[in-house]
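Both complexes shown next keep subunit A, but they swap its partner, so subunit B is in the first and subunit C is in the second.
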Partner chain A sequence: MFLTDYIKTVYGTLGSLLKGMRLTGYYFTHKKEIITQQYPEVRPVLAERFKGEVVMPHNENNEHRCTGCTACELACPNGTIKIVTKTEVNAEGKKKKAIDTFVYRLELCTMCNLCVQACPSDAIIMANNFEHSVYDRRQFTKVLNLPGSKIMEGVE
Partner chain B sequence: MISLESLNRALQHWLQSTLGDPWAYLVMCVLVGLAAITLFAVLGLALVYMERKVAALMQIRMGPNRVGPKGIFQTSADTLKLVMKEGLTPDGADKFLFNFAPFLVMIAAMLVLAPIAFARNFQIWDLNIGVLYVAAVSSIAVIGILMAGWSSNNKYSLLGAMRSAAQIVSYELSAGLAILSIVVLAGSLRISDIIASQADGWWIIKGHVPALIAFVIFLIAVTAETNRAPFDLAEAESELTAGFHTEYSGMKFALFFLAEYINIFIGCAIGATLFFGGWMPFHIGHWEAFNRVMDYIPSSLWFLGKTLFLIFLIMWFRWTFPRLRVDQLLNLEWKYLLPISMINLLFITLMAILGWHL
Partner chain C sequence: MLEEIGTNDQGDMIINIGPQHPSTHGVLHLVITLNGETVKKVEPHLGYIHRSIEKMCESLNYRQFIYVTSRMDYLSSHINNHACALCVEQGLQLEIPSRAQVIRVLLDELTRIASHQLWWGALAMDLGAFTPFFYAFREREMINEIMEETCGARLTMNYIVPGGLMMDVHPDFQRKVKAFLVQFRSKIHEYDELVTGNVIFQSRTKGVGILSKEDAISYGCTGPTGRGSGVSCDIRKLYPYEIYQQLQFDEVLEQGGDSFARYKVRIGEMIQSMNIIEQLIDNIPEGDFQAKTKAVLKLPKGDFYSRVETARGELGVYIISEGGTTPYRIKFRSPGFSNLSALDHMSRGGKIGDLMATMGTLDLVIPDIDR
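What follows is the complex of A and B.
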């Protein structure tokens, strides 16, 4: 009994080892299986859900949807966002809170998407861009609302 | 036809006639030493590159592909980097042993080169106990490894060195038995005799299944003795950082790294010599015409091809199998490889006595 078990172990081991070698041997001989993307020459194909940075989309009239409610600032777990607000007087003479600067510090962001989910007016989204290297870390501090931009009509 | 043999002869003759006896020998020795060092450097560069490419392809990657066409200068660039790095010696280390260990490992690797036949009649030293010499001298490297581990004054280094020593000492047994089985068949310990005995077919073919078993055991033992995955417990990076060479940097690290590849080359060269006939071309019994065609391929190419094939096999192992645990490692040796190779040796002896081999 011992001997049959022994031989069975040896046989089974060799079998499973050869099976593994067959797979790696297959990979070795089939170059088409290579999954490496030649990055700088060949642009990577990213899924749409890929989270690279937070951006604030503007339309062609340089308008965004941000009301300055600071919900994103509160939602952010690591203080990446700083909203500076101002009071604006609109056409009917009513005073209204509006956004002055949306400060986004890329180096602190973990791409957790919480700010995007917290925003009640869908003013910010995650973009696909992942090439963030800069020579000076001060360049990581970005202002997301474009200069001279204002809030879109009808967004409260 | 130009061959390594005729080149060697011509060189020797020229030296003899111009310098006279003692000086010619001396110059020859220096030349051999230089050739060995050059061989080591080239081997190191080529094998590391090969390893990285093989590894990459087996892991569905591309491997080095930036420095030079297809990345062939990658290893040269890495060597340059290592040469320029500072060779640090830790404060608590035993300075002398620490700095001596890499050289000892290297010297052991160099000594084993002596009896290897690279081509027809092209051998540094054809001593009559060639195989025994290889088996004996290759274990000197253990001392170097233990020295490195002990003198580093680092727990990882020491653990790695201990493991390595246990491993090499136990796998030496089955490697020895596998080598012995071919010695039994060939009836000689001299490397040139062993090669000559394979003129009508390599032992792996002539020896039937027992020779195949001996070959597999030999290959496993060589993998273990060179501390390569799946037997790389000595430098298991997930447990021991880098094992016995944790504290080494710069050129001293490079020497350990180089020695590993040299040892693989030598192990595979011995394997090719014993089981695949060394430089002996592929001959089948008495098919004269076929044998003559095979003879047209230079013997050095045969040797190199066989050795590279075995090296490729060992790399294949490395990039396929997961690492063993220490108890599994010793189980494998003492419960499986050793009994099997002992019975196999008995069987081969019987075969040799009764003349069952071709």
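What follows is the complex of A and C.
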């Protein structure tokens, strides 16, 4: 009785171990099952919606859509965005508020997408870039509006 | 803490495990009193990853505070966000469109599967098997890709806003989820072959870290830890939220109370979550994904409580409002904290090697315990 139990345990143990070994052996010999990507050589294809960083798209005339309403600044939970506005006088002599600098501090950003949602004129979007490493942390403070850029016609 | 290393008056050895130990899954610090190899006492020390999330939430408005809760239990961040949104919606008395409800539940269950897969791999690694970790990540990667495509992030999604969802699901969502279901159904037998049936794993978990039903109730253990001891504590069944009432699924219960019972509960939950997803994936109703809300959310004066079932147990969100745009006080009832408190009771009298197996099956996420 004891002997049969003992032999059963031994064979059961061996069977359970071989079962696992068979599975790992299967994947060891089937190379097409490998799903690992060689990252720096093979560039990953990221999803369109991936939230990497906030950018302000400009068109070919160096124009953006930001009116300087500071809705994104108020929506941001971390104080990532700071908008400095200036007053511009347009051709008809009317005074108009416009952005001077749109300061974006990447090191404070958590990519929560709340600023993009809050923007009434679709001036900022989330970009796909995810490689943010720099040697100096001062480089994380970015000015999103390009030098010399102005607001697009018709955006209020 | 450092002077505690050594022996106490009775000649017992005192050992520190953590806060930088690979098998504590984070910055958990355990001070263990040992008699030879036998554990006499386990004392968890917390506070290494305390970020005062509850206090931070007091200065953020009701739209902003949700993103912080992703950083509590990062493996079920979507479910955390869900709990907070439910609490705010309760205060605002909002009706959520049915499309948003279905998508929320779908993503909840995907998050639960992903969390359990990571736990399965990490548990096997705690017990010395390294291979299962890679097999778990293969399927988890598919869920992460679905999340990336729809929510824009892989771990801290922040996809839920009070009133519904931040944006509509990606057009590819249904196809990808179905592909995942086919893949996971065809591969789940590997989980059993590699770990469940393995004799070494069984002898390391069976009869180890026993928590009786009465103790599980008195320690407030919820989730798979409670259900492994036979306590029926699934919030989705007991206090259904969203559309869980209309769904067909079983609450996985095991009576053993040992580490192996908790393991089996989680494996069973993955299959139940797949059943839920299969019921919903073809029946996503058309319509809005977000209810109309005011630009500035203000909760009426009073207190509000909501609870959901995360991958680890019951998460409660308690908001006290003074009628302003920010909460007066927020309290989170995190499942991990209660489950960790039972660790001392479970591992007393056992061996130090079994402590790791017990801790692994509790599925602790330290940022959730510390907040």
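FYI, the second predicted complex is superposed on the first by the 130 of 156 C-alpha atoms of A that agree within 3 Å, B and C clash if a C-alpha of one lies under 4 Å from a C-alpha of the other, contacts with A are read in each partner's own complex, and residues count from 1 in each chain.
Please note the rule applied: a residue touches a chain if its C-beta (ideal position, glycine included) is under 8 Å from a C-beta of that chain, and two chains touch if they have at least 3 such contacts.
Given the structure is predicted, the values throughout are model-derived calculations rather than measurements.
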Taking the superposition on A as described, I'd like to know which of subunit B and subunit C A:V10 touches: first, second, both or neither.
first
Going by the contact rule set out at the top, does A:L114 touch subunit B (first), subunit C (second), both, or neither?
second
Per the contact definition in the header, classify A:A47: touching subunit B only (first), subunit C only (second), both, or neither.
second
As a test of reading the superposition: which chain, subunit B or subunit C, is in touch with more residues of subunit A?
C
Where does A:G20 make contact in the superposed view: on subunit B (first), on subunit C (second), on both, or on neither?
both
What is the contact status of A:K31 with respect to subunit B (first) and subunit C (second): first, second, both, or neither?
first
After lining up the shared chain so the two structures overlap, which partner does A:M126 touch, if you call subunit B first and subunit C second: first, second, both or neither?
second
Please report the subunit A residues shared by its interface with subunit B and its interface with subunit C.
17, 20, 23-24, 35
Name, in rising order, each residue of subunit A that touches subunit C in their complex.
12-13, 16-17, 19-20, 22-24, 35, 46-51, 75, 77, 110-114, 117, 126
Seen from subunit B, its contact residues with subunit A in the complex are 54, 57-62, 316-317, 319-321, 336, 340
Residues of subunit C that touch subunit A when the two form their complex:
60, 63-65, 67-68, 131, 138, 141, 145, 148-153, 156, 158, 161, 166-167, 170, 190, 193-195, 197-200
Considering only the defined contacts, which subunit A positions touch subunit B in the complex?
9-10, 17, 20-21, 23-25, 27-28, 31, 33-36, 38
